[in-house]
Amino acid sequence: MRISARNQLRGSVKRVEHGTVNSEVTIELSGGIEIVSIITKQSAEQLQLTAGSVVHAVIKASDVMIATD
Amino acid sequence: MRISARNQLRGSVKRVEHGTVNSEVTIELSGGIEIVSIITKQSAEQLQLTAGSVVHAVIKASDVMIATD
Amino acid sequence: MRISARNQLRGSVKRVEHGTVNSEVTIELSGGIEIVSIITKQSAEQLQLTAGSVVHAVIKASDVMIATD
Amino acid sequence: MRISARNQLRGSVKRVEHGTVNSEVTIELSGGIEIVSIITKQSAEQLQLTAGSVVHAVIKASDVMIATD
Amino acid sequence: MRISARNQLRGSVKRVEHGTVNSEVTIELSGGIEIVSIITKQSAEQLQLTAGSVVHAVIKASDVMIATD
Amino acid sequence: MRISARNQLRGSVKRVEHGTVNSEVTIELSGGIEIVSIITKQSAEQLQLTAGSVVHAVIKASDVMIATD
């Protein structure tokens, strides 16, 4: 499957924390950069996400804001 | 200013392409990872973004989806 | 590839209209239901979308609002 | 009320599951297509959503991604 | 029509600027507060938005970030 | 820090309700207008939000829909 979202960053799952409805997944990209994702618990289970899983963080370009100091 | 968005990734602007209303900004994080952002041209101008500008890519955790192969 | 977004609706592209930066893609689901998507023109070209292409409309559950009459 | 969101798909509520803060609502469109929505529990209660309620799934065009096989 | 989005702020259109695909609409709330919205030009035309139109700015609670100084 | 989001509305926190994962924050703008925000509980704690805190509600222009009666 290929998807229209412009950002598809390869990494591995560092940590999964399940809430009642949602799960918080921390992904480590190359270079040690971490990205936090919140998805539904049902999705996290269907994708069988656990520490070490190889994944892509998928982000639409219009969801990336830019800040300067 | 501090903001509630969970992901604030430091990088530098690699390229800015202005459209009529929107601008597409490519940000290079450490390790050579690139993230593409689309913001309004007015915002790009107000932040004076040009190649080399030090910026943060700001992304809400709920806007990060996860894909597996 | 499998993705965490809860809604992945199979359909076919009915129409693609390219703007300068974005493209508007109309997808027809079974039963004649139409969904309009706006993605970047670059994505539309990379996915080689044309009328008749078989696609999935991918939508996060938290992006679906509900209205009543 | 009329709203700027491009997708307003008529259907009926098939199932409502309440969490602590959010509710997950499954909507059945014509042709048996199902869409899952997550809204706040407070909104679900104010709209008095129960199985069988006639509703519209409201989705912005820019929140619809496209995937190909 | 009633919608699940938590924020529905009444105001009047102060200015509409049409691009090729999108329109930028500035809404003035009571107390002189201004909110900028970007919707598709087609939606702006269907809603017949012009300066002075009475409208509601509709915003999901999860799309409101918080910043501190 | 300056950010690309077009709407940055100054106000004060009126109420914070913490859930397990998310917090609901009600912000009062000038003129008595209220905006509801849902952010992660972790962000609410890091920003030390309590009733009376001076904050900005930060909203992307593309997340503002428009409704008419």
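Labels A, B, C, D, E and F are assigned to the chains in the order they are written; within every chain, residues are numbered from 1.
Keep this in mind: a contact is a pair of C-beta atoms (placed from the backbone, for glycine too) under 8 Å apart; a residue touches a chain by one contact, two chains touch by 3 or more.
None of the values given here were measured: they were computed from a predicted structure.
Shared contacts of chain B and chain C, meaning chains that touch the two of them, come down to A, E.
Taken together, chain C and chain D share the touching chains A, E.
Against reference pair B-C, the listed pairs C-E, E-F or C-D yield one interface repeat, C-E (criterion: more than half of contact pairs the same by residue number). Superposition angle, chain E onto chain F, using Cα atoms only: 180 degrees, a multiple of 5 between 0 and 180. Across A-F and B-F, the chain pair carrying more C-beta contacts is B-F.
Residue numbering shows that chain B and chain E use the same positions for less than half of their mutual interface.
Seen from the Cα centre of chain A, the chain whose own Cα centre is farthest off is E.
The geometric centre of chain D is 24 Å away from that of chain F, both derived from CA atoms. Centres computed as Cα averages put chain D at a distance of 22 Å from chain E. Chain A and chain B have centres, each the mean of its CA atoms, that are 17 Å apart. Multi-chain contact residues, meaning those touching two or more other chains, occur in chain C at positions 1-6, 20-21, 24, 37-40, 43-44, 47, 56, 58, 60-62, 65-69.
If you draw each protein chain as a dot and join the dots that touch, the picture is not a line, a loop, a star, or fully joined; it has some other shape. Contact between chains, using the touch rule, shows up for A-B, A-C, A-D, A-F, B-C, B-E, B-F, C-D, C-E, D-E, D-F, E-F. Every residue of chain F that touches chain D in the complex is listed here, in rising order: 19-20, 22, 24, 38, 62, 65-69. Put simply, chain D touches chain E in their complex at residues 1-6, 37, 39-40, 42-44, 46-47, 56, 58, 61.
Listing the residues of chain D that touch chain C in their complex gives 1, 3, 5-9, 24-25, 27, 29-33, 35-39, 43-44, 47-49, 53-69.
Residues of chain A touching chain D in their complex: 1-5, 20-21, 40, 60, 62.
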